[in-house]
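Attaching a single structure in structure tokens format; questions to follow.
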Amino acid sequence: MSDAPMLSIKGLCKKFGSTEVLKSFDMDIQAGEKLSIIGPSGSGKSTFLRILMTLEKPDAGSIEIEGERLWHMKRNGVDVPADRRHLKKMRSEIGMVFQHFNLFPHMTALGNVSVAPRHVQKMSRAEAEDRGRQLLERVGLGDKLDAYPAQLSGGQKQRVGIARALALQPKVMLFDEVTSALDPELVGEVLNVLRELAHETDMTMILVTHEMRFAQEISDRVAFMDHGKVLEIDTPEKIFSDPKHPRTREFLNAVLES
Amino acid sequence: MIFDWAFAWSILPQLLWALRVTVYATILGMLLASVLGLVWVLLRRSPFRPLAFVTHYWVEFIRSTPILVQIYFLYYILPEVGLRLSPMVAGIVALGVHYSAYIAEVYRAGIESVPKGQWEAAKAMNFTPAQTWRYVILPQALPPTIPAMGNYLVAMFKDTPMLSAITVLELLQTAKIIGSESFRYLEPLTLVGGLFLLLSLVAARGVRWAEQRFGAQELRI
Amino acid sequence: MSIPTHLVAPILEGLWVTLQLTLGGAVVACVLAWVAGLGKLSATRWVRWPANVYVEVFRGTSALVQLFWFFYGLPLFGVRLSPMTAGILVLGLNIGAYGAELVRGSIQSVSKGQYEASTALNFSPLQRLWLIIVPQAIISILPPAGNLLIELLKSTALVSLITLGDLTFKGMILRAETLQTAQVFGMLLVIYFVIAQCLVFLVRRIEVRLKRGWHLEGTS
């Protein structure tokens, strides 16, 4: 376990139209760390994850994964914007689970989980399906291998989504408000899976979430974001019981009230 | 030189003259289609079930069969029942009847997009059915259909060459005549194609304007 | 109606030609619709512009004019096509242009989330298109594609005007021989109608099959 951070983000800026969503965002994340990001909507939390997942391009700043830059590469010793091949290589270390699942409706649960190992990692169909089966059993859906997304509940869909992202064995997993679109009674089954992942793997996990109690329980650190900047980042105990920044206090009071 | 530009230029006046015929046929055909379409859609909504049923299949039948055969049908049949129509009139009637089937669908979609509450309000105000249609429903149902009607106008325009089969002197027929007289088919046919393309593009722009002006609602046709 | 038995065979020949045109034209149209439809969405303008030109030209000009141009105009460029080839080619080009718009629309209707999930799973653009986007686009394409297929069927009648012996052509001959205008043309219309209904039925069956297979609700 080296001392260099897994993820090193410096000066990340992103604008949508005239709105500055990320303002010189800085953060270091250690390997194996479980980091939760909380904050009001519009604070840039999801945008940060999406830039990490290469779904959005940053306007400025740099992101390093294990010391290698994500959005830039070296050509003849000079830093140039990353080409598609570089992005693809870097992307293989990152996985993401989406708020609205984004499952492939025309494939079964097993199909959804095994399609990427098969075509992206070039596994044989049997191997890919084996891995898919194991993962689906792990998230408690061993009996739903042949079900189509339309036949699954929201919680089940999200668990398939988690299994699908895990199938590529990324080093960093991003969770973008993965329970926000679920009926309240289905949230627990997904949090259970996340809890197990947090306790039993040394994957780096970054969760954007509104589930405060859950964040407090499993995180190594919690970051509070507002208006495109990290206002406070600390252990869960410190953040939740004794927040330093007035805005953090304000937010937590409002949220934990309800 | 394969394409004789001088020749093409020389036959252009003749073709533009024929264009008048084409446009004339299209407009009249569209008028007929618009009126007939309304008839079909009202019949389809008739409370008298057999009438609605027959109308539905009649419209479906017209829509699913080739215009050309329908043109022949009218042109050759009608003299046998004593009605001798000029090729132009027969052609316009055939086009009008064929497209009325499509326009009936457009009207239907427009009518169904009028919220149910409007019908109820009209009933509450004691309107007769005729008044309901005239003052409440049609004024709301028809404007959104204008873009779709525009599209069918263009489609009908592009179908007018079929009238050449019954010797109407529209664009294609004129091109064929020029071709057979001069043995040069390439220029007249290319010019005709070009004229259609030009007018279609202009009309398409018009439809887009109409969509913005009258609202391009997602009519489920 | 009494058809002289020696004329039944020509009608069947005509029917066969019509079916060949419909099938051949459908295949050509399908290929062109996907190529041009995807082409219209391409990032490179060298692909986009030809696709747009193709679609505008073949949608903006009359099918019959295109047919005549290909049959009477092309020979001057040294290309002499048989009526059947010209027919299949032109019908395919014409309907394919309309189909391209359908393809473009249905591909754009696939939700953005599918693209994002594909990126997250590191699919190449080609893999994403083939494995994820196209299968989903097909479902929304089927109903309007069925209508286009009917348009194709109706357009086959035009080849009778370049002396190809399809159903309409044989019908004209039959009428000339028997002078039973109403019956002959009426019969033609009925035959076309029946074929049209069969095509619609087929397309609907495929749509229902797919929707049922993926357990999606609702059939159009």
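Here the chain labels run A, B and C in written order, and each chain numbers its own residues starting at 1.
Convention: a residue touches a chain if its C-beta (ideal position, glycine included) is under 8 Å from a C-beta of that chain, and two chains touch if they have at least 3 such contacts.
No experiment lies behind these values; they were computed from the predicted model shown.
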| item | value |
| --- | --- |
| Chain whose average C-alpha position is farthest from chain C's own | A |
| Dominant chain pairing [most C-beta pairs in contact] | B-C |
| Centroid distance [mean C-alpha coordinates] between chain C and chain B, Å | 21 |
| Between chain A and chain B, centroid-to-centroid distance (C-alpha), Å | 56 |
| Rounded Å distance, chain A centre to chain C centre (Cα mean) | 46 |
| Chain C residues touching chain A - in the complex, by the definition given at the top | 111, 113-114, 116-117, 119-124, 127, 131-132, 135-136, 214-217 |
| Contact footprint of chain C on chain A as seen in their complex | 53-55, 88, 91-92, 94-96, 98, 100-106, 115-116, 119-120, 148, 150-151, 164-165, 168 |
| Touch list for chain B against partner chain C, complex | 2, 61, 63-70, 72-73, 76-77, 80, 158-162, 164-165, 171-172, 175-176, 179, 185-186, 189-190, 192-193, 196-197, 200-201, 204 |
| Touching residues (chain side chain C, partner chain B) in the complex | 56-57, 59-66, 68-69, 72-73, 76-77, 150, 153-158, 160-161, 168, 171-172, 175, 181-182, 185-186, 188-189, 192-193, 196-197 |
